[in-house]
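By letter and in written order, the chains are A, B and C; residue numbering begins at 1 in each of them.
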Amino acid sequence: MIRPLLRLFPSLALTFLGLLAVTFVIGRVVPIDPVLTVVGDRADAAAYARARADLGLDRPLYRQFADYVVRAVSGDFGESVLTARPVIEDIARVFPATLELATAATLIGVLLGVPMGVVAATRQGRWPDHVIRVVGLVGYSVPVFWLGLVGLLVFYARLDWVAGPGRIDIIFDSLVPTVTGVILVDGALAGEWEVVADAARHLVLPAAILGYFSLAYISRMTRGLMLEQLRQEYITTARAKGLSETTVVWRHALGNAMVPLVTVIALSYGTLLEGSVLTETVFAWPGLGQYITSSLLNADMNAVLGGTVVVGTVFVGLNLVSDLLYRRLDPRAR
Amino acid sequence: MSLHAYLTSTSPASRRQARLGALYRAWRVLRRNPLAMVGLIVVAALVLIAAIGPALVGSPTAQDLVGRLRPPSPDHWLGTDTLGRDILARVVHGTRITLLTVALVAVVVAPVGLAVGTVAGYFGGVVDGVLSRLTDVFLAFPRLILALALVAALGPGIENAVLAIALTAWPAYARVARAETLAIRDSDFIAAARLAGASAPRILWRQVMPLCLSSVIVRLSLDMAGIILTAAGLGFLGLGAQPPAPEWGAMVAAGRRVLLDQWWVATMPGIAIFVVSLGFNLLGDGLRDVLDPKAR
Amino acid sequence: MSPLLAPSPLLVIDDLRVTFPTDAGPVEAVRGLSLTMGRERLGIVGESGSGKSMTGRAVMGLVPVPGRVTARRLVFDGIDLTAPGSVARLRGRRMTMVMQDPRYALNPVMTIGSQILEACHIAGLSGRAARERALAMLTAAGLGEPERVFAAYPHQVSGGMGQRAMIAMMLAPGPDLLIADEPTSALDATVQRQVMAVLDGLVRERGMGLILISHDLDLVAEFCDRVLILYAGRVVEECRPGELARARHPYTRGLLAARPRLDRTQALLPVLRRDPAWLHEESPP
């Protein structure tokens, strides 16, 4: 596992560098003069020059970029204009909430989506296939924020099956010590089962909504991969050996489809990070997506760019993980 | 010769006949797919509504604070919003914004992606290395996040939204074009063109790109829905076309406050987004089956 | 009818038809094929599209889904194969099939050994007995290091080794009939004869029936007791290998003439000319 990691490292580093370059450029493209935001527009030339030097803006561009890279690698994204705390601290605080949501959604997507895709492939052209494809198609076409709102309307307002927006009821907020940042886990560790139940009631709807998107994508990809595998010669061999159709489909075909499927799942996790931005807004979920959005509305560029780099890094990380997993799972690639 | 015989002839007499024949055959295959036809109708309806709809409905900005938040009725088929504006009129006018966004993104993304991808695939080596790295970097960003960052820097508005979406969408096309180019780069007909003295740009323009075109078109039609959803997402966050422009995502956001009692304000524009997305998805699936049957 | 008819034939096929629906109407891959065989080695020779593979698959009940199989009689050892479920019970136990290319016909993400074990389990063996049978079969198939092949993945062994493993796998359950569909076509010329010899030896040793499907007339002539020539889904000629030189049908004669010879100088290889009338002939009785 180490060797492929080392081999991939240079290209990873380059991609990361590119990521930083893009965010650096975006940061510089801001039409508002950052010096003025610090000194105000009544400052004299000397104060302006001093502030400019302080911000490092008088140095040549490549040096500014180099500094930016060094700082980014050490996790320094500057301070948030809003909270006056290091951006990285704010991000560390909100990130677990997003992870919790994305992980729950991916679990739903995999546990439901993979079997659905298999069934659709084995019953190709018949009604289960059509139903599953429609379900997936709807998932591809419906805006996640709208579905979230409709979900709240139906399941919270009208049916009262789930809790409303937010991650936890106010009475339970900050009741359990933060160990992992994931309330479900922290609450269980502290033995506060009421807290866990309440957190779960809040998690269900946003996770289900996001999970539906994950499911739509994963079931579609699984179906395609399974169809491809079922056409292969070794499937005929397996049948010729007298194996039951169940064994042929779930052990042989799915076993092979799993190899690229793992990549699909890892990448879909990344897509969920994107979907969570909108879901978090709808459900007032205090995660990274909401953080970036509210920072944006408050013109807190450091926070926005810091969040962007973090998400981009997670994406790159997921690509890496899926690549390594692929190599592990496919005997031909080892 | 009848038109049908002209189009289905197995030995076309001219290039035009061959092309039209191929198009006709593709159309026949598409026609057999009922879902794809539904998608085509939806997309055609979208274009039609965008073209003549605004002339048929009322004003999207006329406020009527007395008649605000009325439920759907014969006067207002989709009800009125928080400022008393007719939602149907706003949705219909919004089709223009949607279509404009999609068209602008497509017009930017396809040529750029084709250009980068074919150049990278054809020349290989350092050129490919640099361009692929560039593609990977932009692929490393989830679309919405990068769009958010860009809009944060440049300010909200439809042009910046289009730019942001285009910037994150083009890498996929570059990748597709590059893969196709790599597959045909060593073909005999390319070698023949080179031997005949054709310069690299000419080969790329006349031989390579047309072959990549069908993959790009398939990709584009499949992507349309995603582009619409991303644009709507940006609108929902207030970062797309600014009020009072009837952008569908923004309309959903505006309806959020009154969701529990006046559900139609947020739901109707959402349904519009859904239907249009669905239409493009169905059409895209159908086109993919026609142009790239192996990928079914 | 063949003089080699055993008291109760192993396989009886009467008027087999395999039809595929296409955009241009139904296409018959096999058009009224009939044969009877006992525990002998039967060769089926034909070019691509002659329906020879489909015949084998039809017997095994493995014709891919849009295809339809009909026959007046399709009987294996007294069991009617057209009855629902009957073929499924026989597959892997009394009838097995060796496929063409082990690179594609073996599951790439499972070890060869685990795949052979699957076949042993179907035959009712388990645990150590299954493993021993698997290793014994690998040895019988001529593999010098059976443990190594057992633990290897298909892509880690050569084509010849993979095909021997395939043979081992398909003979492990001790079937009565083996259908070999182009078993050596994907192998190097030098390896082909070796693998065929292994297959032949095992089949004869166990008194099994073998249907050898191939496009290689010489190979079939060497390893079969009887040869059927297929053209466009029908049998056009049937004879013993020794009688091939005296074959009567023009297609067979064309095939024979088209083979390159090492012992003569030929400036031009004769090209087979197809008579459309062959498509409409009746099969020989």
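A few remarks follow.
Heads up, the rule we're going with is that a residue touches a chain if its C-beta (ideal position, glycine included) is under 8 Å from a C-beta of that chain, and two chains touch if they have at least 3 such contacts.
Nothing here was measured: the structure is a model prediction, and the numbers come from that model.
Taken as a graph of touching chains, this assembly is arranged as a line, each chain contacting the next along an open chain of partners. In this assembly, C is the chain whose CA centroid lies farthest from the centroid of subunit B. Centroids built from CA atoms put subunit B at 24 Å from subunit A. The distance from the centre of subunit A to the centre of subunit C, each centre being the mean of the chain's C-alpha atoms, comes to 52 Å. In subunit A, no residue touches two or more other chains.
Residue positions of subunit B touching 2 or more other chains: none.
Subunit C meets subunit A in the complex at residues 60, 62, 88, 90-93, 96-97, 99-101, 104-110, 118-119, 122, 153, 155-156, 166, 169-170, 173. Looking at the complex, you find that subunit A touches subunit B at residues 11, 14-15, 18-19, 21-23, 26-27, 29-31, 137-138, 140-146, 149-150, 152-153, 157, 224, 227, 270-271, 273-274, 277-278, 281-282, 292-293, 295-297, 299, 301, 304-305, 307-308, 311-312, 315-316, 319.
Across the complex, subunit A meets subunit C through its residues 232-234, 236-243, 247, 252, 255-256, 259, 329-332.
For subunit B in complex with subunit A, the touching residues are 133-134, 136-138, 140-146, 148-155, 225, 229, 232-233, 236-239, 249, 252-253, 256, 259-260, 263, 266-267, 270, 273-274, 277-278, 281-282, 285, 295-296.
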